[in-house]
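In order of appearance the chains are A, B, C and D, and numbering begins at 1 in each one.
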Amino acid sequence: MTAAVGQQSATMAQALNRALRDAMAEDPAVHVLGEDVGALGGVFRITDGLAKEFGEDRCTDTPLAEAGILGSAVGMAMYGLRPVVEMQFDAFAYPALEQLVSHVAKMRNRTRGALPMPVTVRVPYGGGIGGVEHHSDSSEALYLATPGLQVVTPGTVADAYGLLRAAIASDDPVIFLEPKRLYWSKAAFSPEQPEPVPGIGTAVVRRPGSSATLITYGPSLPVCLEAAEAATAEGWDLEVIDLRSLMPLDEETVCASVRRTGRAVIVHEASGFGGPGGELAARIGERCFHYLQAPVLRVTGFDIPYPPPMLEKHHLPGVDRVLDAVARLQWESEWTEGSEGSGRGWPW
Amino acid sequence: MTAAVGQQSATMAQALNRALRDAMAEDPAVHVLGEDVGALGGVFRITDGLAKEFGEDRCTDTPLAEAGILGSAVGMAMYGLRPVVEMQFDAFAYPALEQLVSHVAKMRNRTRGALPMPVTVRVPYGGGIGGVEHHSDSSEALYLATPGLQVVTPGTVADAYGLLRAAIASDDPVIFLEPKRLYWSKAAFSPEQPEPVPGIGTAVVRRPGSSATLITYGPSLPVCLEAAEAATAEGWDLEVIDLRSLMPLDEETVCASVRRTGRAVIVHEASGFGGPGGELAARIGERCFHYLQAPVLRVTGFDIPYPPPMLEKHHLPGVDRVLDAVARLQWESEWTEGSEGSGRGWPW
Amino acid sequence: MTVLEQPGSFRPSSPPPWQPRTDPAPLLPDAEPYRLLGTEAADELDPALLRRLYGQLVRGRRYNAQATALTRQGRLAVYPSSAGQEACQVAAALALEDRDWLFPSYRDTLAAVARGLDPVQALTLLRGDWHTGYDPRETRVAPLCTPLATQLPHAVGLAHAARLKGDEVVALAMVGDGGSSEGDFHEALNFAAVWRAPVVFLLQNNGFAISVPLSKQTAAPSFAHKAVGYGMPGRLVDGNDAPAVHRVLTEAVRRARTGGGPTLVEAITYRVEAHTNADDDKRYRSDAEVAAWRAHDPVALVERELTRRGLLDEDGIAAERQAAEELAADLRERMNREPLLDPMDLFTHVYAEQTSQLRAQAAQLRAELAAAEEAAAGAGAGTAAEHGVAGAGAGTAAEEGAR
Amino acid sequence: MTVLEQPGSFRPSSPPPWQPRTDPAPLLPDAEPYRLLGTEAADELDPALLRRLYGQLVRGRRYNAQATALTRQGRLAVYPSSAGQEACQVAAALALEDRDWLFPSYRDTLAAVARGLDPVQALTLLRGDWHTGYDPRETRVAPLCTPLATQLPHAVGLAHAARLKGDEVVALAMVGDGGSSEGDFHEALNFAAVWRAPVVFLLQNNGFAISVPLSKQTAAPSFAHKAVGYGMPGRLVDGNDAPAVHRVLTEAVRRARTGGGPTLVEAITYRVEAHTNADDDKRYRSDAEVAAWRAHDPVALVERELTRRGLLDEDGIAAERQAAEELAADLRERMNREPLLDPMDLFTHVYAEQTSQLRAQAAQLRAELAAAEEAAAGAGAGTAAEHGVAGAGAGTAAEEGAR
């Protein structure tokens, strides 16, 4: 599954694998560790071939203990290494939260810069792959609320490569959220001449448009692009922004777009309440208040524990739900007292 | 320190202690467990006297392991008890996050209602008491992003009693956030005739006003009340809402107020980015869009790891910062293109 | 604080006497795993027990085969087979009384089934249906637990609560060699020992945590050696010797029930199939290793013993197999029925009472479903409920490499 | 999967042979804590080492007294004293070479000071100033760690990294009896053993975790008995016998450095003062218990030994005390100087580069400080920087019962 040289198309999983390989080849300080990352190549095969190519000391199967893995990575970083940690699934990163919040995120600050934490924590996240409970959480809100962390997530194959390289190169910790259901998405990709990613913290306009702005990231990017295409039938020309980095947040790109279109819908798979969309909507409200023609709407997962596979399609924000929200953007100033907050049909 | 019978004034710490005592006396299923909750009465003395009065089986010093404490509480609840867990400080609740998210919050849902989780998790939170690092975190965002949990926090002595009784009586898990710096705040309090608290999920208007709405909770409530008093000198008549419950959120009380005043400032001690204020501002933007005269502003802790005691006063939202935000509520429609988002003076 | 005021005058006493809080010797495991089959003690084994174990083992093996087959037909999203580990599964179930609780991990559906749980209910989670297909209070089987080792403190808390209430209930909690590395394992065993909670920890050491072999999981002489560090007995048993596992567990359960506190039992066994249907075990182990263990088969061992003692003949074997086939056929048949899920159930059981936010979301979904139903009706299709279910089938597509 | 096709034909082989992954016997602690003072072996103790230990112990005791006094003067926010535990603190420092790393918990500032760290820097955290007052890379002292046991995996990772790089660096990590109950303790020891990382775990068993006594913390024969469960040696030592602790640690460090892997050392000692200045130990222990331990004083023990062997006279004692007084006076004097903190530093070292959000927040605070300065200037007061600091004093008010 290792991406072959000169290959012109790859899955996101292959691009991630290639990014790890290139980073390890370039910098001997890069070490990969986690559960099953060695001979097996990880349950999603993202670390495929690395132990063989770089040895088990560089790509290490650890005992099964997430706090131990991340805590060890902290110590390795203290000694000058650049650990890349794999958490097997979103919900299995929770045991490492104390290490993450109290050490990984704070160590630079605690030591006045003496001990930076160039640690990348790769977390496969989100649903849509038929996983049983605890295998489909979207936990980005936990990480966003933790100052000191960077939080990035690719929505395309090229970004998967570029962002992971940038994450590993960063001197600050990065939570690298990998959208599980995009692992097998395929796109043109030349590892020899990878598309440049302008570092962490830059959003990108994936589709320019003028009627309204869809703001999204990771697993919901394809949904939004599809919705934008479908919307043309209704006469809407939607702009689609892929945030790529949730922290730092590229407010300028977002605000520039929303000020232009006057309307915004935020789309993500994580539950709405307390999710990343709240922060985004709040910031847009603060910074684009007088440009807004309609309330900023959110299309998100429901505020429920992730449902079983047989029901997940009802939970996940899909094209129809995005279009419904776009339709509610008060295109004809149809607003009258009392129409806000009726409950019916609101996307939270 | 146990509140004496007929006492007419008490600290918040005493009211909490009394609530535990009354709940234990009323219902033998209520069990208190945690580190140092027995002979010592907890490091903040909230469990003072309980082990003596009810025996060590009802108020139990556990081994020092937060996941073990909460995990055991899950098992106790499965057998029909109502455990009340004390986490010693905010940052020391992190090791229990996996138990909290993957079991406490989800157990009712996982079992289609067969195993409800009447577990109360008491977490002293927030700063302002000169605590060294890891002793002053405001971690409410972590809990808000977790469907299945209720999150409440008292801002007054009476509510401390009433909310804790309601939390223990609830058949669903409650994260009960205790504002450390209000522990020693004193107010009139008659345990024999406690002020009724209308259950979990109801906000209260602490000060009626007409110019703008301050929305806050817990440790920032006194700050907002003081700011509202001070604001009268400027001719502003501020309404102050104490949310009391962050989840469920009483949107009706909030929206009714904001629709009336047209202006809102959210005040909390937690970092702004990814904090509860984002969710609140987003919801107000969604539901009160056409009533808003100015952007919803936030006055929060900075987006930094909690600072050392010697600098914490610069970090904590104080009266001046609240008044500054109120002053920026575009009272004279002074807005011109470009004035939004300049960065300078914005309260995020 | 005195800083040695009178240098000449102090007479430091002898150190405060120290003694171990408990005698370590009886807590240490024996040098060899406990075995019954193939030893002299086997002769005294109760024929009825052997027959009971045998019947369960045969049905358990068949159950494992059927469940794996169901993954190939897309009827199960994923199945972590306990093939090769049936002795542990069955013995765990039979060591318990009705009032006791079982805390299974995600691999231990067979233990639940051997206790009497309906296999369809035991497999609800793994087919992609609702997470727990049975009522844990009614069945005294805790929800199958996926986050590793997190079920262990639950077992401790439940057993502790039962003891406080004066009920003589024992909790038996299952965990793997990999799961033993988690902090929750440590915390649970420590709580259990300090509280003298009536818990039995059954650690199935099956050689692997997905692909990770024992040598990368622990450097301990055995997992049973961990027990002394908590002050509880550690027992080592041949996990493929069903009567041996049953005896060690029964003894531990008895000890727990009579106030003797917890026990850690390490059962040495082997996972002869891949981790799950989605796993590729060729990447991390040899066929020869698997074959060696297949030869030490828990089902065959008991069958041989019964045959040797003249307690089982071909008819008897045929009868047990017939029963197993019937179980498999019933399972197959019922698993092939499309389950009826109501999408609106997404919003029930989040809280005892729906929040206003959930009510609004439920209203939204209800409207969507109604619109879809209308559209479908226009096109001559079925009801909204069926719509919800029909679409759901797609959701069960096996995860590549997942779990 | 074969379901016993031919009942008569199978010959289950004997079970795959089992043997312990390592011999448990040498990993178990001795029945009695290791002691040197008061035994015959004491006669052979190197006089120079004894003198060195003694000097450090006297200074350490004085340091503890001074730090506690500083809390009463409001110059320290909180101080968790290691009075009574000085032998562990000093021995840990002296067992290490310069290139080695020390991983202290929040109670172990003395170990850092005995290693040569400036006491003012060691106390920065506890005075309410910035969290870590020294450069960990320069001093090879990790930040004082408050979240219990979380420093242990750091020590493992660092030692492992050093070994991978071929550096012969050892990490010594300190933890308490209470901290041993945390999952991180378990995970760290397991990783260390599996990786054969050059780490020494020093567990100071001082009888209490704040108010919680050993009987509620563990049921194990000793904490040292936990080691066998990880496959590393467990050693038990009288924690108030400085040369004994030093010898056991030195031996463990040597073992680690030469590829022998990690060791767990349990030092039996006692916290003779309250948990911190904010604690009230009358609530959970008797004066008599404390008095018994005060009589087994680590400083007095070494002093007596030196006196007995004629290696120390009154002048020698007086000289060491004089040195300790000088250290205390210097500490007092420097701690009484108001530290100069720049409020704008709130925004440095959050990330390598400030985010746009942090820049905006920094601008806000800068403007607030400027406005305050202006107001103060109007009122004839000092600069903004001083303003920041003056107000900060209030922040250090002792937390009631905190920590």
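Simple rule for what comes next: a residue touches a chain if its C-beta (ideal position, glycine included) is under 8 Å from a C-beta of that chain, and two chains touch if they have at least 3 such contacts.
Composition by chain, UniProt nomenclature: A, B = 3-methyl-2-oxobutanoate dehydrogenase (2-methylpropanoyl-transferring); C, D = 2-oxoisovalerate dehydrogenase subunit alpha.
The structure displayed is predicted, hence computed values, not measured ones.
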Chain pair with the greatest number of C-beta contact pairs: C-D
Chain separated most widely from subunit A, comparing mean CA positions: D
Subunit A and subunit D: spacing of chain centres that average the CA atoms, whole Å: 39
Centroid spacing, where centroids are CA-atom means, of subunit A and subunit B in whole angstrom: 30
For subunit A paired with subunit C, centre-to-centre distance based on mean C-alpha positions, whole Å: 34
For subunit A, residues that touch 2 or more chains besides their own: 62-63, 65, 67-68, 91, 94-95, 98, 102, 109-110, 133-134, 147-148, 247, 249, 251, 273, 303-305, 346, 348
Per-residue overlap in subunit C, given as positions that touch at least 2 other chains: 130-131, 147, 181-184, 186-187, 190, 194, 216-218, 350, 355-357
Footprint of subunit C on subunit D - complex, ascending: 1-4, 7-8, 10, 12-16, 18, 20-24, 27-28, 31-33, 35, 38, 58, 61-62, 64-65, 68, 83, 181-187, 190, 193-194, 196, 214-222, 225-232, 238, 240-241, 261, 268, 270, 272-273, 292-297, 299-301, 303-304, 307, 314, 317, 321, 324
Interface residues, subunit A side, partner subunit D - complex: 31, 57, 62-63, 65, 67-68, 70-81, 83, 95, 98-99, 102-103, 107-116, 147-148, 150, 170-172, 201, 247-249, 251-252
Residues of subunit C that touch subunit A when the two form their complex: 77-78, 125-131, 146-148, 178-179, 181-184, 209-212, 216-218, 280, 283-284, 339, 341, 343, 345-347, 350, 355-361, 363-365, 367-368, 388-389, 391-403
Subunit B-facing residues of subunit A, complex: 67, 91, 94-95, 97-98, 101-102, 105-106, 109-110, 133-134, 137, 139, 141-142, 144-148, 247, 249, 251, 255, 270-271, 273-283, 285-290, 292, 294-298, 303-305, 335, 340-341, 346, 348
Touch list for subunit A against partner subunit C, complex: 35-36, 38-45, 61-68, 89, 91-92, 94-95, 129-135, 180, 183-184, 273, 302-305, 307-315, 320-321, 343-348
